[in-house]
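These notes are about the structure you will find just below.
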Amino acid sequence: MTATAAAPGPAQVEMPKDPSRGRQIIRDILGGSVVISILAVVVGLVVGAILIAVTDPGVQAASGYFFDRPGATFAALGDSVGGAYSSLFQGAIYDFGRPDFLSGIAPLMNTLDLATPLILGGLGLALGFRIGLFNIGGQGQTLVGGAVAGWVAWSFPLPFPWGLILSIVAGIVGGAVAGGVVGLLKARTGASEVIVTIMLNYIVFYFISLLLRTPGALQAAGTINPKSPSPPDSARVPDLFGAQFSVTWMFVIAIAATVFFWWLMSRSSLGFKFRAVGENPAAARTAGIGVDSMYIWGMVLSGALVGLVGVNQVLAFTVGGFGSGFDAGIGFNAITVALLGRSRPLGVFLAGLLFGALNSGGYVMQAANDIPIDIVLVVQSIVVLFIAAPPLVRVLFGLPRPGTAPRRRAKAPKAVEAE
Amino acid sequence: MTTVAGIPGAVALEKLDTRSWKTPVALGVFALGAVVLFLGLPRDGQADFQFSQSGDFFSIPDLIFTATPVCIGLAFACVLLAAGSFALVWFKRLTPLWYIGIFAALFLVGFLAWAAAGLRPLPLTGLLLGSVSLSIPLVFGSLGGVIGERTGVVNVAIEGQLLGGAFTAALVSSVTGSFTAGLFAAAVAGVLIALILGVFAITYIVEQVVVGVVVNVLVLGLTNFGYSTILTVDPEHLNRSATLPALPIPLLSQIPVIGPALFDQSIIVYVAYVAVPAVWYALFRTKWGLRARSVGEHPEAADTVGINVNRTRYLNLVIAGAIVGFGGAYFTIGSVGSFSQNMTGGQGFIALAAVIFGRWDPVRAAMAALLFGFATNLQNSLGILGSPVPSEFLLMLPYLVTVFAVAGLVGRSQAPAADGKPYIK
Amino acid sequence: MKLELRGITKRFGPLVANDAISLTVEPGEIHCLLGENGAGKSTLMNVLYGLYPADDGEVLLDGEVQHFKSPGDAMRAGIGMVHQHFMLIPVFTVAENVILGHEQTKPGGRLDLGAARQQVREISQRFGFDLDPDALIESLPVGVQQRVEIIKALSRDAKVLIFDEPTAVLTPQETEDLMRIMRQLRDQGAAIVFITHKLQEVRDVADRITVIRLGKVVGEALPTASNAELASMMVGRAVALEVEKGPSHPTDAALVVSGLRVADPHDQIVVRDVSFTVHGGEVLAIAGVQGNGQTELTQALVGLQPKVTGSITLDGDELVGRSVRQVLDAGVGYVPEDRSSDGLVGGFTIAENLMLDRSSGGPFVKAGSLQLKVLGDFAQQKVQEFDIRALGSSEFAGQLSGGNQQKVVLARELSRDLKLLVAAQPTRGLDVGSIEFVHKRIIAARDAGIPVVVVSTELDEVTQLADRVAVMFRGAIVGIVPADTPRETLGLMMAGEMPGGVKAA
Amino acid sequence: SQAPSTSSTSSATQTTASNFLPCMISDSGGFNDHSFNELGYNGLVQAAKDLGVSQKSAQSKTDADYANNINAMLNQNCNLIITVGFLLADATKAAAQKNPKTDFAIIDDNSIDLPNVRPIVFDTAEAAFLGGYAAASYSKTGVVGTYGGMQIPTVTIYMDGFYDGVQYYNQQKGKNVQVVGWNEKTQKGSFTGGFDNNTAALTTAQGVLNQNVDVVMPVGGPIYQAAASAIKSSGKAVALIGVDADVYYTDSSVQNILLTSVEKGIQQATEAVIKDSAAGKFSKTPYVGTLKNDGVGIAPFHNFAGKVDPNLQSELDTIKAGIIAGSITVATPSAPKS
């Protein structure tokens, strides 16, 4: 984790040319934010290790005769936890069992591939959080974006790259509309975006399920399964480093989206207004910023970024057509990614990479060591919780309080006044 | 104080002419829907509403009628009522709640008749029974949510508490063979999750929604992991509990239609019947409730009269956790006896919606929960009859209703003033 | 009960808010605490009341050392407090607020609201209040809310009563009433601490006076001391509070408000058929006790109120129905009443706050992109010009003191081409130096020919700044009078009475 | 049922002569679904035991897991990878194309035509037809019910067969037994929305029971358990028809209400495919389970043997022969195309 990922909310405004910025980074490092991020990951892994050990039959057996042969217990512990985490590493970064470097590095490429939708979704949700909008609708927006992208891809077959570009744009528009509806409802009627986005997740899911088994809608011709046709090759996102590695050009788009997010939020007029509304809607309104229209545009852009997740799932990740579950829980995981990244572009990017690595390694851990992949969820949530509560980590590890100026609030998407 | 200069007194301020068209527009949309469905896509045949089932105290004959004319009549009535609502707003009057209620009832009867036309009898008892069953966990979840938010803590972790309660109830009651132990364990699980929420949200002032979302992931991960590594090792003994027996209440359970649905249920359901008024009473009539609400409205003020804000919040969160966890037991030992992964499937979020829909009032929130249960069960009932509506459409119905309700009827509702705000001295 | 504070010290980080303060209050005495904004008065009282732990020193009651961990402890020991910001729960009734924290219950845990109502009635009777125990707090005027605070304290048999700036929100008549009640309480043997900035009140009611400056006791005084003596003790130097202001040179009517009505979210009318005219180059002050519609009036002027009827024209252009953006673009500068919640984004830097209301278009935005260089230079210049005391223009506005925050708001608003300046409570909570600065700037704007509307609850400020004064009461304008109208008359007008023979302006 | 976690830890210390490694990946139902994942898994375990080799398995939670799990298995050097469910078809196809040396088999999908992929499919409608006939024959109320987990072909094929079986009974006997919960012509009916034994499954079961049915066939993994709960708490004499396995043996708690089961021989088919592959006899020819090859079938009546019409068994045998001979056709849009 870098300082950006770890810096608390309000103290972090992207203005690198500012003299205070450098000071801020140093203060953060000295204040232990980076250390805290690392320690939070450690806590997560330790809790994971405990769960692995406790449920491991070998350890259970050995602990039965712990007092006779404590060594056996520790050996079993080492076997189970060590084996699991070495699988995790080999599945996420580099596989030493492979003959050459290129195939050894394949897990890292897979990590990048899995991180791609998390980064895109994380950025989308983070955008909302920065405006004070709790967009829980990642699932719905992904589904709409992906379905629209897929539909355009096979309905308007154009030569490469035009088919692809058209489909990507369609996916972005789809996500934007799905998000925009929420913004519109919030702005016009005051409906809570938390509730509306959650409800839309279900509505969209069932709606797409219906379309997927309606011939002539999204269902592939000549099949009876609720599955879409596969998009033509000309609308597929090409591999980034050849067929050998799973990572696609969507990863480059994710990088571009991260840069765009940075520019938008710290360099553009619109982002300025977004941030003003997120930090203090009353003051923004008083200063003539249309809070309601910021909510609408914020949700549009948030949905647009999440729509790219759908594009990734439909045009890059799945090979054939898609079923109604193609969001694959990314809409929800992106919430934790955005939170872990503190809604900052670089933070979200790195958080996405971390989660991508945990997921990629998790598959191998499950295949090789029979450890349910759900352990990854546990580790992820613990990391996020602890990073959000630095004082708790300090207490746990007996760290001193940083000697910086008092901060008004813990990080939060919405302003929480300490007075 | 004398008032001169022609200025009227302060308390009786007059009102400005402001009209809200939300209600008439919402009614209009539904009325239009009725016209399109009932007139545009008429369905032939008889609709048969079945009131009694075998074993009732006395039996009421089925209500059988030809669907089309009745539906057309009802569509016409809906249009009239919607127009009436427009007129009321035009004349600067509010559309009363009972008016909306009548509209909803007419629309619903019409819809049921339309959907069931020419099919098998629609058993109203079953419709009601299923609605109650599906709404019970939502009732508990929303009660917990109301208590939490009334004291200023937004509890997004209801989902996790329900899931945790479901898991522990199944495990403990399978192992011990005791329902009491299972229910107790479920409540304890809810409390533990509440404490995690408390530590992070209250003590370490992490944004409450953040904690809630993450705690949900944590509980999902833990229960999935526990399911794969513990429950499935020996499901016969670790994940196969008996289910709570139905305890028919004498006489009451024999009332036609509602008796079997409401009074031939298991203990969890009766607890819900008691819990709703009890929570309402406790919140609005007791010392505990006064203090809890004061902490949720204005914690500084509560502090200055000697109420320990954070302790009050912890206490209420724990009580709420116990309620929600207990409700989670319904998923397993209250209905099917075994746990499966992620079996709450987002019900906690629906409960959260019920809290807001019910405007932070336990009784209204329970009503909202019942409405969700009803909408969900409509899908069951009509699906079984083989009605023409696609099942996915009916499945999304409760969520659509929520969006309509939140956008059209609730809108900018007033949450407790300090809801979601940590208290920092 | 005799109250003694010995050597109380309270720090907030590096800031020493109370520095070894000692104070004694005898039973049957009204003891006044006097001091500038931020001198540490409220902090001292909060320590006494158990809200803050003291870093050093002790509190004694009747000679016994107390260890208050919470306000509950203080209350049980017989201390009652009427807070500067009311500590009442708006959605509760009077009776509920009064019993909160020491509730009586009936069997079944049921709240005994009947007893609470009875108590409210009894105490009301004793002091001649007319109070409905079942009224919701949010529906009551501030003056009445304060009485609820008093009843709250008395219902707990408080022997030591603290009043923290109780008169700031009252009309002169209500203030009179409060003074009567305080004397009555004193005569019944209560020890009273009374905090205020208003020297007149101090001399009216106090038995003894302690002055605090920068967290330290700087001396005691008797009620016979003169205003000038007290003021110089408070500020630490001789003060001349008059603003230098030449005669106004009004030009044409610029702002014309007629028949303006504003309704709040519950559709209650809060501004009632208000009409007035402001000419270029003059200051119209809107006086009145807080909560009589001034806030809503100023918000309506800049388009912040959704439910408005009537007409507001600026140089002939209608403003009603326009968005805030359009109103600001029409040349309206606005200093909102609550700077920290409406004027500034605390998490933004000073520079960012300086461009807050020019966030689209020039000079700070070109082609949708922020011009950070332009903004940086601009901010640098304004920080100097307005003497904003900060580490630099990239300091966060939320970390500035109130006075400096206000300077940021003023700098922002005054650096646009204005056709109208609306300033609501421009000096609330500021120290003398800052007040002087703000006043100068406002007068400078007037002298530049800009029409100015100033809203203030402080009569001093009103009389100093205004060329004409409009007094508001319950949403309506009682009258518009010249700035030299006697204070007593203005006071009566603030209570809704238009004394005969007052000439309108 | 066997838990997956007891399987492969011994693989590090392999003692068997053969290095053949069969692997399996579930769909999002997981290996404890009391349905095709579990039966496939049992087949894997049994085959590995018979062959004396170890095996590996991984469960999928979401659509994103399929390809990743297959890749993880490929990294484990599996010789045969069996994927369970049509949802895994694309991922299987892609992996098979990239890894021509690895054998693949996919259960319930017949869409892949590659030399190293063997589809395993079942014409369950044939067996369900028998179930429907038996249900109609047993019913005294004249109403029988069925409902599914989700409206997908592998589920509705059961319901189609059941429906047809009831119609055939009506036609043969001149009766009018009705089916609730599914209409073959409109392809509309009742679904619990998933393959979990949960409250939705329970209320759906209750809804079906409220239609005065006395035989019910829930199709979709563990949702039959909810039906069993509903039957028990209703106090009515309703008989259950199990699906996939002979539920009489897999779940002793429902023996007393179990009329029969419509069997789908996933376990046997899986075992056979694994053994073929281990013996080097892998072929791409789809395995299609039918009544004819006993790949599908109807279980004995067990406890209900005395309660059904004494002639029922022989009638069923005749019908079975008719279906095998083609004189009775079971028409379903969901039949596997071979």
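For reference, chains read A, B, C and D in written order, and residue numbers begin at 1 within each chain.
The definition used in the following text is that a contact is a pair of C-beta atoms (placed from the backbone, for glycine too) under 8 Å apart; a residue touches a chain by one contact, two chains touch by 3 or more.
What you see is a predicted model; the values in this text were computed from it and never measured.
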Count the C-beta pairs in contact for A-B and for A-C, then report the pair with the higher count.
A-B
Between chain C and chain D, centroid-to-centroid distance (C-alpha), Å
75
Using CA atom averages as chain centres, what separation in Å is found between chain A and chain B?
31
Using mean C-alpha positions as chain centres, tell me how far chain A is from chain C in Å, no decimals.
46
Whole-Å distance, C-alpha centre of chain A to that of chain D, is 36
Residues within chain B bordering two or more other chains:
224, 228-229, 390, 395
Got the chain D residues that touch at least 2 other chains?
4-6, 59, 61, 151
Could you list which residues of chain C touch at least two other chains?
none
Write out all the pairs of touching chains, ordered by chain label.
A-B, A-C, A-D, B-C, B-D
Chain C residues within the chain B interface of the complex:
49, 51-52, 70-73, 75-76, 81, 83, 86-92, 96, 99-103, 105, 109-111, 139, 141, 152, 173, 261-263, 267-270, 272, 307, 309, 473-476, 478-479, 495-498
Which residues of chain B touch chain C in their complex?
1-5, 7-11, 13-16, 18, 282, 285-291, 293-294, 297-298, 300-308, 417, 425
Chain D touches which residues of chain B in the complex?
53, 120-121, 123, 125-126, 129-130, 133-134, 137, 224, 227-229, 232-235, 240, 243, 245-246, 330-331, 335-338, 340-341, 343, 345, 376-377, 380-381, 383-388, 390-391, 395
Tell me, which parts of chain A touch chain B in their complex?
51, 55, 134, 136, 185, 188-192, 194-196, 198-203, 205-207, 209-210, 332, 335-336, 339, 372, 374-382, 384-385, 388-389, 391-392, 409-414, 416-418
Residue positions on chain A within touch of chain D in the complex are 57-58, 91, 95, 97, 110, 114, 213, 223-227, 230, 243, 246, 313, 317-323, 325-330, 359-360, 363-364, 366-370, 372-374
